[in-house]
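You will see chain A twice below: alongside chain B first, and alongside chain C after that.
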Partner chain A sequence: MSPTGLVRSASLILLAVVALAFPLLVSDPASTNIGVFTLMYVGLATSWNIMGGYTGYISLGHAGFFGFGCYALGLPLAHLHVGGGYAPFFLVPLAGLLTALFAIPVGWIALRTRAATFVIVTIAVMFMLQLAASNLIGLTGGTGGLRFPNPGWSGDVFNDPFYYAMLGLAVAAIAASWWIRRSKFGLGLLAIRDDEDKATAVGVPTRAFKLTAFVISAALVGMMGGVYGYYVTYVYPEFVIDPTIGISMVLMAFLGGLGTVTGPVLGALLLEPAQLWLAYHFGAIRLYLVFFAATFLLVILVLPRGIVPSLAVLLRRRLALT
Partner chain B sequence: MSLLEVEQLSKRFGGIVALDDCTLSVPEGSITGLIGPNGSGKTTLFNLVTGFIPRDGGEVRFKSKSIAGFGPDRIYGLGIGRTFQLARIFPRLTTLENMLVPVRRAGLRALLSHGQWGAEKARAMKMLASMDISEVAGTLGGALSYGQRKLLELAAVMMARPELVLLDEPGGGVNPALLERIAGHIQQLNRQGVTFLLVEHNLGFVMNLCHEVVVLHQGRAIAKGTPREVRENPAVLDAYLGA
Partner chain C sequence: MSLVLQAAILGVLTGGVYALMASGLTLIFGVMRIINVGQGALVILGAYLSFVLFHNWHIDPFVGLLLTMPVMFLIGAVLEVAFIRPLKTDREALSVLVTYALALGIEGVLGYIFTANYRELSVWYDTQSFPLFGFRITLVYIFGFVLCLAILATLFLVLYRTAFGAAIRATMLNRTAAQLVGVDVERVSAMAFGIGVATAAAGGAVFGITNAFNPGSHYDLISRLLTIIVLGGLGSLRGAIIAALIMLVTTDVASVIISPEWSSFVFFVILVGVLIVRPQGLYGVRVRERI
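Our next item is the complex of A and B:
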């Protein structure tokens, strides 16, 4: 193994150990709560990046899939009278599958548009979902909300199963992202990002590729929405189909570096704890929203390509000089 | 035998007739030139043949089979490659990655496996070497010079081993030395069995390179023949000089 490969493997193992041991090392619920949400956003930003970063199709409506997945888990749980405990976690893949099935027609239509139009269509789909969830009272409970079963764990270890569930989904998303990035399929996605017409002229089946990336991205986000719903145990449409969730994952991917595997992970690790800290201390005045806006402006001004690509360029220059 | 046959192909954009019952054919193994004044329908013909825009009427046959109505990726898969005016490449992919995008792989497993197979990479490097641009294999496409982009675009299109390649102004905007190099590459690929149909404004380039020339005027093919025959055709002189 080459030295860089060795360093990479060692740091990956170290990261895995820290991630796995975190709830054992830091056991107070306030901290593990931060862990749960940070891992959720690692997964969300990474999943979003599979579509937004690789193909360049910016979806601001992924919160719709997040909420859809949440309901896709919560409704079967309620209707099948599944109790608390670990059982709901086994139905999370079902929520992912349902979200994927929903994303196929949405993507089929939305991907007929490009650039700004696509952005608008995704936002519209999200709000349509929100309206549907609010108005289909018989199915969703409407604005009265949806109650998940009570997990039944005591407060001091309550967060831990959710931590590991989110960790599992985040790892799955990163693995999918890494796999796609180095595959022939991923090369086609990057070609679409650069010049879609040229890509189709050299044989890339652009529509099928875009739709596949869109559905994978949506399904992963949907599964995280399901776990999220079970974690917070009670959701209502405006709360779970929340534009700020969709914008957060986009911002994290932008900050870390669009179209890279590590960028969205880094972006989420930096932003989500900061956002939660601000929400805890200045929650009432929603200062975190100002923080988000300021971060977004800074990213665009200073690091338009994101941290990872900018660092890579810097490093390459250093290496070239020595 | 004709590799490509275009029959009574028509295309309108609103009130403008871009192609009007256009009929022409490209013999297998030839380098065929397509010339005509600006707005005569050359690029529209390319876009129709390669499936970028839908036709209003008429027929396109490749190896005697109809391909009208097919999408661009499918047409590329059948063996028709094209380049664009002003050389389009993928700016944020490296030169080598640019070469690997057009490589075709069958089956889902092949698509999901590594994007840079050893054999494909070796073939790409060989192709880059034959175009004298292998030294920029690791450079991002956006950092290449215009001439390098032109060569890369041609090299990349060849990666799927197309039988017919449509070149949209291969000599546009390049210096005379590079123009000669591009002509050399086209001739070499042609000797290896690739048929070319090219649009070009540089008539000297067309007359030297092409075995056959088709002249478009107002959406119709008004003349065809060897370069010498076409040059002496009075209808062509009329079209160009507007007599």
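Our next item is the complex of A and C:
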């Protein structure tokens, strides 16, 4: 194994150990709560990046799939009278499947457009979902909200199962992202990002590839939405189909580095704890939105390519010098 | 039937206001190839500016536009220079994020100053009505419609009858070629952004009178405005105006026939239909877009 490969494997193992042991090392619920949300955003940003980063199709409506997945888990739980405990976790893949089925027609229509129009269509779909969830009162409970079963765990270890569920999903998302990046499929996606017409010309099945990436990305986000709903136990349309959730995952992917595997992970690890801290201290006066906007502007204007690609360029230059 | 007709008339009148707000948005897209996701927040900012003038100094919102529109023009031009101009690569994608961030920032600042409570501009013409074709139409809708027609007419005059308008249209057609024949495209961009934001001020005054608003109201508004300009075809002023009328008439009629809760949904159904049949919108041209 080459030295860089060794360093990489060692740091991966270290990261895995830290991630697994985190709830044991830090047992107070306030910290594990931060852990749950940070891992959720690691997963969300990574999943978003599979579509947005690899193909260059920026979706600002992924919060719609997040909310869809949340309802896709919550509604069966409510209608089948599933109790608390671990049972709901086993239905999370079902939520993912339902979200995927929903994402197919959405993607088919949205991907008829490109660039700016695509962005708008994704925003419109998100608001359409929000409206539908508010109006289909008989199904979703409307603005009155949807209650998940009570997990029934005691307060001091309450967060731990959710922590491991989010960790599992985040790892699944990273694995999918990593595999896609190395596959022929991923190469096709990157070709679409660089020049879609040329990619079509050389025989990349662009429509099928784009749709596949879109559906994978949406399904992963939907599953995280499901676990999120069970974690917070009570959701309503405007809370779970929240545009700021959609924009947060985009910002994290941008900050870390679009189209890289590690970028979105790094972006989420940096931003989500900061965001939680800001929301905790300034949330009541809504000033955290200003901080959030300022970070966003700073990232895009100063580091438009993200941390990981910028560091890579820096490192390559350093290596070239020696 | 008479209810439907009344809804249709109201749809045309409010459609005029949306046409104005959307035309600012589509003008910005046409000139700069960027989508100003912050337009909704800027409309709400305009509504709050009118609210402050009205509440503190009893300046009528329509008269106050003489003050708020120039101020908003300046704000727009400054935003363009500060945040849009520095984007060198990937402008189209990054500008969406930048303007989204601006929207969040504006929402945050407004929330800090005015709290999340809903505000209303209660002017006398909001309660008085006027007979029109046998229906009683609240005066503000007529005033708003006339105002928007006047501003849109001015906009068209500027675009088609002045040298500056020619520079804007040239930049819309081909930025590089315009630059080659001596158009200062940077300046045109800042001015166009300013004009687009100024239309938001006018739209905001009318929006503030006809709706209760809070800092978060921009989400609903921007999704409607974006849908309108996609339906009309990005960058087409005519398309934006016609799409706004179609949208508002159908939603207002749908709210009578179906239900008010589902009326906005019709909006999106039309959008989906258009995207399936004609992805470039009513007046758009199919261009090779790159992101």
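The criterion applied here is as follows: the second predicted complex is superposed on the first by the 322 of 322 C-alpha atoms of A that agree within 3 Å, B and C clash if a C-alpha of one lies under 4 Å from a C-alpha of the other, contacts with A are read in each partner's own complex, and residues count from 1 in each chain.
The definition used in the following text is that a residue touches a chain if its C-beta (ideal position, glycine included) is under 8 Å from a C-beta of that chain, and two chains touch if they have at least 3 such contacts.
If you're wondering where the values come from, they're calculated on a predicted model, not measured in any experiment.
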First (chain B), second (chain C), both or neither touched by A:Pro205: first
Partner chain in contact with A:Ser183 - chain B first, chain C second, else both or neither: first
Partner chain in contact with A:Asp195 - chain B first, chain C second, else both or neither: both
Most chain A residues touched (candidates chain B, chain C): C
First, second, both or neither for A:Phe127, with chain B first and chain C second: second
First, second, both or neither for A:Leu15, with chain B first and chain C second: neither
Partner chain in contact with A:Val7 - chain B first, chain C second, else both or neither: neither
Which superposed partner A:Ala30 touches (first chain B, second chain C, both, neither): neither
Touching partner for A:Ala87 - first (chain B), second (chain C), both, neither: neither
Touching both chain C and chain B, counted on chain A across the two superposed complexes: 193, 195, 197
Interface residues, chain B side, partner chain A - complex: 50, 52, 71-73, 76-77, 81-82, 84, 88-93, 97, 100-105, 110-115, 141, 156-157, 160
Contact set on chain A toward chain B in their complex: 179, 182-188, 190-191, 193-195, 197-206
Residue ranges of chain A in contact with chain C within the complex: 56-58, 60, 109-110, 112-117, 119-121, 123-128, 131-132, 134-135, 193, 195-197, 243-244, 247, 250-251, 254, 285-294, 296-297, 300-301, 304
Chain A-touching residues of chain C, taken from the complex the two chains share: 29, 33-35, 37, 83, 86-90, 92-94, 96-98, 100-102, 104-105, 107-109, 111-112, 116, 215, 219-220, 222-223, 226-227, 229-230, 234, 261-262, 264-265, 268, 271-272, 275-276, 279, 281, 288-291
